[in-house]
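In structure tokens below, several structures.
What follows is a pair of complexes built around chain A, which joins chain B in one and chain C in the other.
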Partner chain A sequence: MDHLEVALAARALREGRAFRKAAFRHRCLSENPIALVLYQLGAEPFSAAAIGFGHCKSDFNLIVAGEPRNRDLAFAALQRLAQWFNTMFENAAAHRETVPNRNREQTRANTAPQVIVANSATIEMIGRLGRRLAYLPLTGPRPASAELVRLGQHFLFLHRHAGTPGQQLIVSMTDLLNEHWVTPQSPMERQSLAALYAYIAPPPGLHGYEAAASAERIAIGPLPDGDDDEKLDPLVQEFNGRRNGSTAPSVIAPLLAPIASHYRPLVRRTWDLLWTCRDREAGWQQAPSVPRRWDDDRQAYTDHVDWTLRGGHRRTRLTPRQAAMLMRKLEEAQAIVAAEQASDDPLLIVSDLLDEKAVQGWVLRVDETHQEIVNVRAARRPLVTISSPDPCLMPHGKELWWTRTPGSPPYVIVDVRAGPNQHVLITLKLTTSSRIQLPRTGETACFSAHTTRTHWFAALPPSTPWTHRPSSPPTPAPIEDE
Partner chain B sequence: MESARDNHFNRRALHAAARATRDALQDFFLHAGEEHATVLKAPAGAGKTGAVVLTVPPARRRKMRLAIGTPTNDQAFALVERLARSHTNETITFVPASAVSLPQQIARLPNVVQVEAAQANGAAIIVGTISKLGDAFCRGTLTPVDGLVIDESFQADSSRYYGVADLAPTHLLVGDSGQLNPFSTMPDPYRWRGLPEDPLQTAVGVLLRNHDARTQVHNLPISRRLDHRAVPLVRAFYSDLSFEAAVLPGVRKLQFDPATATSRTLRLVDQALEISSRSGWAHVELPPAPVLAADPEMIDLIVALVQRLFQRRPHARCERHASWNELQTRHVAIGVSHNDQKDLLRFRLDSVGFPEVVVETANKLQGLEFELVIAWHPLAGIPEPDEFHLDPGRLCVLLTRHRHACIVLGRADDRHLLDALPPATPAFLGWDPDPILDGWEAHRAAFAALEPHRLTL
Partner chain C sequence: MSSQSQLESIRSTAPLRPPTVRVLASYADHTDCNLASLGFAARVDLDRLLVGTKFQAPFGQSPFAFSRGTNFERLLRANDYATPLRLLQEKMGFAVTDARTINLRQVHAKNRDGMRLRADDTRALVRKILQQHRDAINLIDGAVLEATIGGVAAHFEADALAARFSGPIHAGEVKSFPVVDGRADPDKLGAALDQVSVYLLLTKRLVDDLGGNHALVSPMAMLITPCNVALAPTLSVMDVTKRIARTERLLATVPDAIAIADSLPSGLNFSAVADKNADPGRRIDALHDLADRVGTAYSPNCISTCGNALFCRARALKAAAPTLSGPNAVRLLPGVNSLIRAAELSDGANPSPQERPVAEHLARAGRLYDEATLQAGRN
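Then we have the complex of A and B:
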């Protein structure tokens, strides 16, 4: 927790409701998303016992597997999801625009599907289902259907893409709320969408603490509540008894009704909460940098669909080189999204101002023609002096970026001195002579340590060096001791 | 130099260190031309850079070209200086990354040249960061050499080692296993933990994982920086390494002018200074309080400590200086865990006239040495110990930078954070260390060792 969050959490406890730490919404929320609610059976994490899906609040559909521990029944349920999901997910790739990419051109889908789920545990479950389905054989004694494998590939893609900072193809509502709201709850309490939402929008007259305390008993999925599963157990036993080993659809279909009735209110409860949160958050104004990240998302989506529909497969494990490249890519994405959000949002930057990672003040003077000797020649180095009501503890020479131009060359602090009315006068020097936009006298300007400029990446060799290759190929160890 | 003042040194430790260095170099040169690596592992302040410097003459005799890499630019600068001053008849060629250049006083040394990678291909001794050397090699501007030496190789991560590994077939990896491990700012940096492709394992880690059987690991069983008072505590960070202090008891002495304390804080500060000069350690505890990272009371205490220290004109003598020398402000460092602690302290110390006292985070202090260190304990005032603050490497760096004394500052309930059961920690197949539990153990051991030197405000 930074200083702003501590202050807001204390205030939230006093006033009994959550406070926003961001003035904008920093993720896009699609008009027509794919909503998914998943429930697993007990501690069986690799099968979906119940699936809620649809593309708007009133379009609620429920599939139950009956006995998800039976492969055929688990796959039959997922097969029904695949028929709907694959169409919804792949259709967006049909309409393209052409965009330049370095020296060549590439196509990018005009829009991309957005999947919304309740929490990151659901994203993890999507990843596990993807891992289970994406590599199934299409031939042989027990072939899987092509739709099922494609569903697995899409799920695997979504799970992997979910690790990209700032991505918006799959949105965990709990994480979205946590990124925009401060409550006095612990990190674990804030993982319950019901409890978190209760603090954000407590019923009239109720303190957020009380509202959250009663809401946190509500199971959201994919992990079921123990009591609910106790009630489910006899239904599954009866289902298994009646089907008598059969997995034929004609036998199964009429027997599923009691299990569906058990799950319907549970899944529906999460479904309604998911959409309520989504619709409430959609009311906040979207941050200016969101479309830039959506472009990246659309490109990732397009590349995935093209690769998958061409019959391409993804490795289950990365090579050392791929892992190294991915680590750098994610570090870079993380820095850029932090810089974009801080530059976009006057409220979000407050924590940086309090943490001495930014300064803000009124622009007193702009000396556009200031020159100094750089190497041997005189070069233009504009000076900007701001008057700030806050102390500035940053050292001389500290590099900062004007939040209006976070991708341009940095300014450096060259002077800090006391000004009138207990203000501090901070002079910053732009480190380039290029004619870029400068702050204007009289306006408020903020300079922060965040930049969207990317670092130099060292190249990596195409072949694996001897140090990173095992001296003898690994042999599988026995699963159990003899 | 050491032999001239034999009575200052533990000869057994010096001989053991010399033997380990000789064996490691022999192993490295014996396999010249083969795909082979030698590891030289050392505790803090063992003089491992000295071993790196010693690779130059035998390499030149064998007409082997060497590339010497470090993880950071600052380390590379220091290494260039060390090599140039030790081998005045050799040219040391530094290959800088773009927008980086050697500090003036190093660049001006007569046998140092600073060139683009493409111009370094005739050079015998090439120095650079491993990222730069690897990048130049991959782009084809730097052609392969005969031997690759990596200093601070426990701070070099597997992904950087990947880039530079084919620059030479034969490698010598030198490093300190107790310091901070490589880290990443990416979300979920442990996603590959335990897997062979993990880019965050150390260079030594990936090497031993793949070539354990044929890689010889040599241990340098000495600390030249830490003395006999510091070594017993510091052993807690090196469970697999035994070592002794190079300097004999009684050689290093630190003393202050007498003074009369006029306030409670000053009395405490004076006591802390005296305890630390006598025993090499002092542990000062403020009253318990849950605080934010940049605790204002702690900052006040540190500023008071620094002011009082220099008011009382500290003098030291040691194996390097037989006569009493006044301690300079630049030889005193304050080690912290967070940048906001650093920024606030820097501001306060500048405003009371101590701009030369070094204030840095543990990450930046790695590889540096000071006469006296004030360590802001990582657990000071935190409500719950987490992986970052428990990291044994962070505490190890803070407690191993000093030659004479280390004053540890914390809050009185810090120790009690570790009275409870340690938290449940995630396990990773194929990966044995557990930074939280290892840190828990190391912190408990350090607190126990500081017990006799403790003062409570």
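Then we have the complex of A and C:
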């Protein structure tokens, strides 16, 4: 939280509705996403008791496991999901384009599936289910179906990819709303999709606080409400009594109806909310940098599908080398997303302006022909002077990028002085003589510390230093008890 | 009137909550709140106090979650604690052959007298451990530790205390969340470790009290949880030295409950709030009255740990207190009393001298935001 967010939270409390903190939508929302709603049973972390799925609001399907603590019944329910999900998820990989990657070529799916879920707790549950399913043995006394294992691998991939800054393959609606709206709620209260949405779109005449206070009692899943489970308990007991130890589909199927009717309104409520939020956000204009990130997502998706269909597996815990490389990759992705969002969105740059990470003002002068001696030779170094109403506390020599060209060479601050009308005149020097686009006199220009340029990093040592060798490298293994 | 009976008369007909370590661990998060301190000292079950009003705490537990916990505990007690003893042998070097165990929950009744007797037993058992007595117990299930918090003596139930012959004393907690690939849910793990650090702190005090060396109490917390999908138990050991120090600091700041009780006019108690037959509005007014007299300290953390949180949040809303948005908002708004005032300052209102340092930032934020919104609208 910074001064902008606290000012907007204060205004939001006064007005009784949320304030937008971004002018654009910074995530793409696919026309035909895979929507998933999960409910677990009590505190059973690996049990998908109810699964809602479909690819549009009217295509609502529900699967209930009946007794998800029973392995066969839990897997039977997930098997039904796998049949639908795997087809939806893998189909997009069939149509490819060829793209250059350094000095070789690689293929990339023309599009990728997008999974939308209510909150990050659902993504965590997807990760847990993935962990349970992806390493199941395909042979032996209790072989799992290949589809189930593939579902697990897709789930694990989605869970892992969810940590990449700016990714759009799996979208948690709560996080999406939180990235675009400010409400006076505390961070924990903002984790309830119902309460957050109630503040964003309160019913007419109702203050957002009141709307959120009554909405926050609505369970979204995957954690069930205690009272709901209280009603479910006798149904599960009766189900277990009537199936009498059997897990045969012909016995189970006719007995599931009461449990399905218990879950249907609960899952449907989350389903409707998820789609309402999605459709409302889809109405905002998409930010210009979103397609660039979607390209990365398509590549990650293509690599995953190719690896999985070739029979590849992944570790459950990263090696120190993988962890170091991943950390570097995520930090780089984070920096690029921050730079792209700052150059896309005039609202998002405000935090940087307040934080002395950017300056903004009217362009007074552009000296395109300015020259100075660089390594014994005179070279062109254009100067741009802007007039800003706000003080500039950044030191001389600070590297900044014009938000219109965040991937080009930087400017440096060469002069800051007082101007007329309490304005500050800031002169910046471009550090290249290449003919790149320059700001025009009379327009507003913003220079920020964000850049989309990436750094070259030294290669890691060929063998892992002894300080970073784990005592017992865990091997991926099933987590079922036989 | 003795302090204990004075506190009992303050609780009056309100629902009772015996102090467990879980209650203490969650109370430790808001020792700065006088109302919570009074409720804690008077053993008022704040989670059930407002049942039937619009501020009723949403703390219903799923029966499935409950049965998972009890099934797991039953599994551990089976065959005279065979599984925990095996884990203690494998991970802590305990000898299993002559291990002695006791379940104090079965020895004494489940009431206040039982708690006192269990506390006496725990004391005697720990004394034997310290004396390296031949019959010293190795594993105490349901130990009860005595402590004086905020000037009020109370008994706290711990899951397990374990000691190897002539070795350090360990405290352990049984939880039913799973550990997979050596990892657990960080929030649940943190809460469990906080609980164990309360046991360890109280055990240290007990050892001190018995004239022993409190360095004998190990700062390594034992956590027995299921491993993977099923309920197969596993033991994890973690150093909680820092958490013990933090708990000690927090408990040292607990205000004196007797002083708070003394500041109340006689006859003022929780009965009017707890009366389920009364009009809900009246009950809430009675709680407002109490809260006005002793004072509260709402923060959004309260929502997950205190039964009065929704009531206090509504009070904070009335004052538009910055704490509604969390501790970061409070930190960013020194000298500004309400969010409504902060909104005015962001519109460029004239600040008072004490608001001036913050007002400059807010006004600039408001102006830049408004300009950017206009610019975005034009594009």
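What we mean here is this: the second predicted complex is superposed on the first by the 463 of 482 C-alpha atoms of A that agree within 3 Å, B and C clash if a C-alpha of one lies under 4 Å from a C-alpha of the other, contacts with A are read in each partner's own complex, and residues count from 1 in each chain.
To be clear about the criterion, a residue touches a chain if its C-beta (ideal position, glycine included) is under 8 Å from a C-beta of that chain, and two chains touch if they have at least 3 such contacts.
Model, not experiment: these values are computed from the prediction.
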Give one of first, second, both or neither to describe whether A:Leu393 is in contact with chain B, with chain C, with both, or with none. first
Kindly classify A:Gly226 by the partners it touches after superposition: chain B alone (first), chain C alone (second), both, or neither? second
Is A:His3 touching anything from chain B or chain C once the two structures are fitted on A? First, second, both or neither. both
According to the stated criteria, A:Pro45 is in contact with first (chain B), second (chain C), both, or neither; which is it? second
Looking only at chain A, is it chain B or chain C that touches more of its residues? C
Name the contact category of A:Arg317: first (chain B only), second (chain C only), both, or neither. both
Report for A:Leu13: first if it touches chain B alone, second if chain C alone, otherwise both or neither. second
Which of the two partners, first being chain B and second being chain C, lies in contact with A:Leu353: first, second, both, or neither? second
Which holds for A:Pro465: it touches chain B only (first), chain C only (second), both, or neither? first
Across the two complexes, what residues of chain A are contacted by chain B and by chain C? 3, 6, 317
Spell out the part of chain A that touches chain B in their complex, as residue ranges. 3, 6, 163, 165, 317-324, 327-328, 330-331, 334-335, 355-356, 393-395, 456, 458-461, 463-471
Listed in rising order, chain A residues that touch chain C in their complex are 1-4, 6-11, 13-14, 23, 41-46, 71, 128, 131-132, 184-189, 209, 213, 217, 224-227, 229-230, 232-233, 236, 316-317, 345-347, 349-350, 353-354, 390, 444, 474, 479-481
So in the complex, the part of chain C that touches chain A is made up of which residues? 58-69, 176-178, 180-182, 185, 228-230, 232, 300-301, 303-304, 310, 317, 320, 322, 324-326, 328-329, 332-333, 339-343, 345-346, 361-362, 364-366, 368-369, 372-373, 375-376, 379
In the complex formed with chain A, which residues of chain B make contact? 35, 37, 97-98, 131-132, 134-135, 137-139, 158-163, 165-166, 169, 171, 184-189, 191-192, 195-200, 206-207, 209-211, 213-214, 292, 340, 343-344, 346-347, 350
